[in-house]
Amino acid sequence: MTETSTAAATGSSLSLQRPLKAVANVLLTLVLTFIGLTAITFTIGRVMPTDPVLAIIGDRAPQEAYDRVYLEMGLDRPIYEQYGRYLNELAHGDLGTSIMTSQPVLEDIKRFFPATLELATIATLMGVLIGVPMGVWAAVNQGKFIDHAVRVLGLIGYSVPVFWLGMVALLIFYGNLGWVAGPGRLDVYLDGIVETQTGFILIDAALAGEWDIFRNAISHLILPASILGAFALAYIARMTRSFMLDQLNQEYILTARVKGVSEPAVIWRHAFRNVLVQLITIIGLTYASLLEGSVLTETVFSWPGIGQYITTSLFNADMNAVLGGTVVVGTCFVGINMLSDLLYKLVDPRARS
Amino acid sequence: MIDVSELNVTFGQGRSELRAVQDVSFRIEAGESFGLVGESGSGKSTVLRAISRLTQDWTGSIKIAGAELEHRRDRKTTRRMQMVFQDPYGSLHPRHTINDILMEPLEIHRMDRREARVLTALEDVGLGIEMRFRYPYQISGGQRQRIAIARALILEPEILLLDEPTSALDVSVQAEILNLLKRIQRERGLTYLMVSHDLAVVAHMCERVAVMNRGRFAEVLTTEQLRSGTPKQDYTRQLLTASGRYDRDVAKSFVSFD
Amino acid sequence: APPKDTFVMAKDFADIITLDPAEVFEFSGGEVIANIYDRVMMFEAEDLKTLVGGVAESWDISEDGKTITFTIRPDMTFHSGNPVTAEDVVYSLRRVIKLGKTPSFIFSQFGWTPENVDELVVVDGDKAKITITEEFSPALVLNALSAGIASVVDMKEVMAHEVDGDLGYGWLKTNSAGSGAFVLKAWKANELVTLEANPNYRHGAPGVKRVIIRHVPEPSAQRLLIEKGDIDLARNLTPDQIEGISTNADLKVQADPKGALIYMAANSSDPILGSPKVVEALRYLVDYEGMANSFLQGQFQVHQAAWPSGLWGSYDETPFSLDVDKAKALLAEAGYPDGFEVAIDTLTDSPYPDIAQSVQATLAQAGIKATITTAEGKTLWPMYRAQKHQLILAQWSPDYVDPHSNLDAFAHNPDNRPEAKLTGVLAWRNAWADDNMNAMVVEARNEPDLGKREALYQEIQKGLQSNSPYAIMFQQTEQAVLRKEVEGYVSGATFDLIFYRNITK
Amino acid sequence: MSDSNAPKANGGLRAWLMSPAPQSKFQARCQRSYLSWLAFRSNPIAMTGLVIILGLILMAIFAPVLTATNGLEPDLANRLQPFSAEHWLGTDQLGRDIYDRIIWGSRITLYIVGLVSVIVVPIGLAIGTIAGYLGGWVDNVLMRITDIFLAFPRLILALALVAALGPGLENAVLAIALTTWSPYARIARAEVLTIRNAEFILAAQAQGASTFRILRRHVVPICLSSVIVRLTLDMAGIILTAAGLGFLGLGAQPPLPEWGAMISTGRQLLLDQWWVPTVPGIAIFVVSLGFCLLGDGLRDALDPKNTDT
Amino acid sequence: MTPLLSVKDLRVTFETHRGPVKAVRGVSFDLGRERLGIVGESGSGKSQTGRALLRLSAGNGRVSADKMEFDGIDLMTASERKMRGIRGARISMIMQDPRYSLNPVLRVGDQIAEAFLVHSSASRREARAQALQMLKTVQIREPEKVYQMYPHQVSGGMGQRVMIAMMLIPNPDIIIADEPTSALDVTVQMQVLALLDDMVRERGMGLILISHDLNLVASFCDRVLVMYAGRVMEVIEAGRLNEAKHPYTRGLLNCVPELDEPQDMLPVLQRDPAWVTAGD
């Protein structure tokens, strides 16, 4: 831990004005976050009652087989040594092999992560495109019926258990109405027709010009994305409203009105520009949290996403997979945070100097 | 009572380095009132903060009653030297009642007879005991500043550092506070170090006045010199004219001093 | 809906971790390789009761019963086009021992070790000859040669993919090299398994061109999918859901008895549960009928012996039913008239928590306060293997179709010391051993006469009902829900007796 | 303060609460709370939230009076009954009365909510205020740790912790708490940064108050209200995470009527006996909504812009 | 000459949880092309009077007046649309504190240009040129550079000048300056006042200067309106302020310490409760 603290301490004195130092700072943050993430995950993996050896050999194996695999996995070594070895391999870009899928973890992630990314991106887009105007609308009409309606509507998206909503939505829109396709990313018999290039079915299908598959994929995507989108929307709308209210109470809004600026311009050019600054962080966080994959939604929709991957791996004591997944999700989180910091600087002149 | 020599205060490092106070030296006798004036950002508050050690990155020497001051705050000197801040809206904790605010220094310094002292303090600054359990938001700016003064006085200090104690108040309330400060000083023989940008206020309160410009003392004047309008420095002269009534032609002739 | 020539099945197959037949020991994996590989001995889809030759056309058993010589079917080819030869058979069996993965114990109990297997399993002209060193009934050996590890792999193909002397293990985990009805096209863990028909299969081309098994863990999702016609077969519907679809004319239900048993076991090293009277009382504190007629309806039948009903050697008596008074009397005799506190561990997936709650309630009627802890299998098993449980509610299914498979685990514990670590043996896990039982299990195993063998096994099962740490409760029946046009889905007693090749739609 | 403009109070209690010169600390506190209450009361949404939460609390307190059974014992003969006079909300797959289970389940929900708050608020406050107030390397170290917890996939961390600690309600709560504190540290820190150089903090320093005293008496009370507001807003999330853990079989153990677990075990019945998973779903929804509304209302009520008039 | 602005019995009341707060109660005055000062202690209703003229009182406020007429337009009943045309273009208001009154994320130049664009159909280029010109007028030395700055980059004095430029650019008839100098240093304060002075002289506007510094207002304005507790206590020619009779005005005048004559104790203001109710 001493290493961490001294490094963090030097991190503080770096000023962001110097690009080189800033890059160093970013890298340091990244490395420290990784070390922290993997260390915690690693420890959890080791103290878990789930036995990784049994995950490989099964429950009925005789003790000799158990002991042999135990040694093979290096579980007899002290935990810091195991951790050190893991870090070393990680540094060489090797995330190890998954017990569950018998594939390199990296390959698995290439398969599962795009599924989540596809879902999360569309959900966040929905949240932003609908949530932001809703929030602004509510704030402008604070205390009026519209405000309450928008708030309650948003809160509903926030309060319904997503797995329950998912099941009901599936039942109605797929089961009864047949408007959308069922669980999964694609009708199975269409699987494997387009070559995997990016891992995003929509993009792959578009690249291959397979519009039937594209349509099919959309029809599968729409329901889970809407459900996650409702959640993102609720959060974004509520935050937008509250930020917007803060801004509308500021003196500079009065200044704009004194100038005779029209109401839409006051709202969008003046107040919203300032809200945008705060919103970026919120949207970034929402996106990042969706990227960890919603285990519950993925379960209900049989969606082969990263959340389900990590969870199943966890239950199977497949720690390489869990660690790999955590590292990737953590990277995304840190990445998105940095990106939103960057955007923040673009939007907020005060943060620039 | 206060003896400051070669005081320097620097904020930041490298390119963003800012020498807020440069080579400032002065002496204040016991029972004297000493004023600091100068335009905004000239380093007045910084001098006060160094003395009260709210800022710790200063160099030079500060003596209180002959004893050299450490950089770290110690309870004993804190008690001898109290500070009143500029903004009565910001210097009282919004969630503490007046009683809490006045009790706190007594608790910190483990003083006895707390109840009695609180009541006396309220009386000293001319507030009724019905104020005791109000929250700051329930009282006016002038009353707040009285509480701030009472809080400083409750420890029976010898020195009061006053950082623009009236600039947030309107003229009528300002008069009440200035009178209060004058009366207390007379009764207790306190030493005042008072910062203001209002020359009239400083002249009203203090015997001697230091004029600050960009971290340095431009000059130290007696109140008489100030009143008679015979400062040596152009900077002081300009400050003087600006403090008077509005005059269009004079205003246009102002220059900036670096 | 899927095209005519594609058969889509939904199933929870999170358990597949490998498709190398020398390693597969999981239900779903076993089922998949059963359709990819032919085994030395086999049960065929057309007759699930009779053991016949698979790759072996015929076999000769030596006088002493210790050597069996197999004649290989002529004209059989692997998917690669290579002919199936005795060399492949011998290679496949040796490979199992040399890799030494979990299921290899089925062979190693015959005395085969990596050191001696090259001498004991050999090519003899155009035949394959195996020799065992332990006393075993040849019937049992032949039965064992119908297990998944007896799958015959394409030696040339596998060795072409060998890396660092791994006998092609790394490659075969995710690929196939067999001679069965289907070829593995793709296995995407937790997503799907795609099988392509082998048009040159020895029984003729399968009825569909492709079989896709889709991982759908949620039974309700499976139900929606099959009702919409997006899949042809749903494997994991609950009894209540089956009842729900009974009115749907597009669907039909096919029920097949399975070998899986649900049992409750008591840890004998526990001071209270070590008392046979207490365990006997427990057997009377289970509402067998109540459960079987409600939430287990149609998918579990009451069965109280250690070898499943419907198979050779089974014992179908069910002497126990819920009898609180009798249980109370037994508890009083054992010295616990007011009951005691106990912990039940079980699995998280349906129906275990429900069974546990029912048992909890009936135990309470006799004053036993039980708390339930549910856990994923991977968490439960280590605890079970370390004898850390009190009561455990779990499942067991045979590894191969021979009573020895179960009774060796339930009744045979040659060394009951904790440090012996016979962690694969249920009796040891429950710290229970009985010399008489041990002797009987060995005797039955070695007995060449089928009639005597069967009688011995039934005696053991009967014995276990009065003297054992178990309360065996139910035997599973799988209810598969099919679209009505689907024909030819064959599902046998064990998890790897499931055949897709006759399916048509 | 134009007290002269305030209407002369008429009622005794109201006069006491509105008196411009409180006589005791207690009266001053009450006045402050009363003002917040006045702002709160005029907000219909917030009041709805409050009513829901009070309802939940009453349900939990009077569970023995409100129910006929303890909702734990199976009654296999009465499985999956629809709504009826006898079983208002039907029965579940083991024949237990769902209404009774919902009522008893309110205790579990409250327990989760209470315990998480008790853990999360102090941890978040402590870390956030210390980091924000002390700054420098302390801040850096603490914030890095906070970031690491933030960067962790939340439900997954909770799952991992539960898996490590073993299933059960207490462990689930602990796991949720340990994954929830980081944003609170962030909020508290942000709040501290805005007041760190406020004059009332300087004033306390100038009086010689110790760092601990300043944190405890001056900094924490300022951060508390935003933390509490955030907590009520997060409550929905906490309840849902707990339900999610229950859904994945890692929360409360059977036969406890935890609402998430009830949905989980009942979810296969959605198509035919829809009420079995739907009733607990609605219960979770209503309570989450209640907390959300309450939180929104609190934020408005505690906002000085609204009360200090 | 008819007055530009005529106000009779203006009242502003705020609904609060403690009951209604009467911030302005019956203010009447006329404004021509002159410099009118409004003085009074804090909370006396000066700012609220200014805001009410533009109909920009806070949401919980109620405004009533017997008459509030500007250039023949009834400000009480004018449509919101019409009011927007008046705000800025005809009556504008210099806000108290430039730190909070400028939009932090927009360039100050663009904020000035916006004030121009709202009321004319000019192109952006023209608006920009106008804004630059205006910056020069308020004596900003490097207008091009300052145009590109953000509010946090300009000093208080500069910010105040930007504010003035912004409010003057549409060339309004009336300008309300709400304590435009209280946040500034004495020297800058004088300079800003001189600037306003120039504008009034050159453009013939009416100016309302709100302040609590009687001496300052007296030396700057033509007429002074003295307010207390939402009422006008006295209206007086600036030059004859020393002859003011109202005890409140006298009190305010006396309690300011004078640089040139030493005093021992300052006379304090004795408030008479009768002032509040007088004339009700």
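Should a chain be cited, it is by its letter among A, B, C, D and E, assigned in written order, with residues numbered from 1 in that chain.
As a convention for this text, contacts are C-beta pairs under 8 Å (C-beta built on N, C-alpha and C of every residue); 3 or more make two chains touch, one makes a residue touch a chain.
Just so it is clear, the model here is predicted, and its values are computed rather than measured.
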Number of hops, chain B to chain C, where each hop joins two touching chains: 2
Higher-contact pair (C-beta pairs counted), A-D versus B-E: A-D
Approximate Å spacing (C-alpha centroids) for the pair chain A, chain B: 53
Euclidean distance of C-alpha centroids - chain A vs chain C, Å: 40
Distance from chain E to chain C - Cα centre to Cα centre, in angstrom: 90
Chain C and chain D, separation of their C-alpha mean positions in angstrom: 48
Per-residue overlap in chain E, given as positions that touch at least 2 other chains: none
For chain C, residues that touch 2 or more chains besides their own: 218, 220, 224, 375-376, 379
Residue numbers of chain A (touch at least two other chains): 48-50, 167, 171, 175, 299, 315
Chain D to chain A touching residues, read off their complex: 44-45, 136-137, 139-141, 144-145, 147-148, 150-157, 159-161, 163-164, 166, 236, 240, 243-244, 247-248, 260, 263, 267, 270-271, 277-278, 281, 284-286, 288-289, 292-293, 296, 299, 305
In the complex with chain D, residue positions of chain B that touch it: 52, 54, 73-75, 78-79, 82-83, 85-87, 90-97, 99-100, 104-105, 108-109, 128, 130-131, 133-135, 137-140, 148, 151, 155
In the complex with chain D, residue positions of chain C that touch it: 218-220, 223-224, 238, 240-241, 243-244, 287, 290-291, 293-295, 348-350, 353-354, 356-358, 360-361, 364, 371-376, 379
Residues of chain E touching chain D in the complex: 14, 16-22, 43, 229, 276
Chain D partner contacts - residues on chain A that touch it in the complex: 4-5, 8-9, 11-12, 29, 32-33, 36-37, 40-41, 44-45, 47-50, 148, 151-152, 155-156, 158-164, 167-168, 171, 175, 238, 242, 249, 289, 292-296, 299, 307, 310-311, 314-315, 322, 325-326, 329-330, 333-334
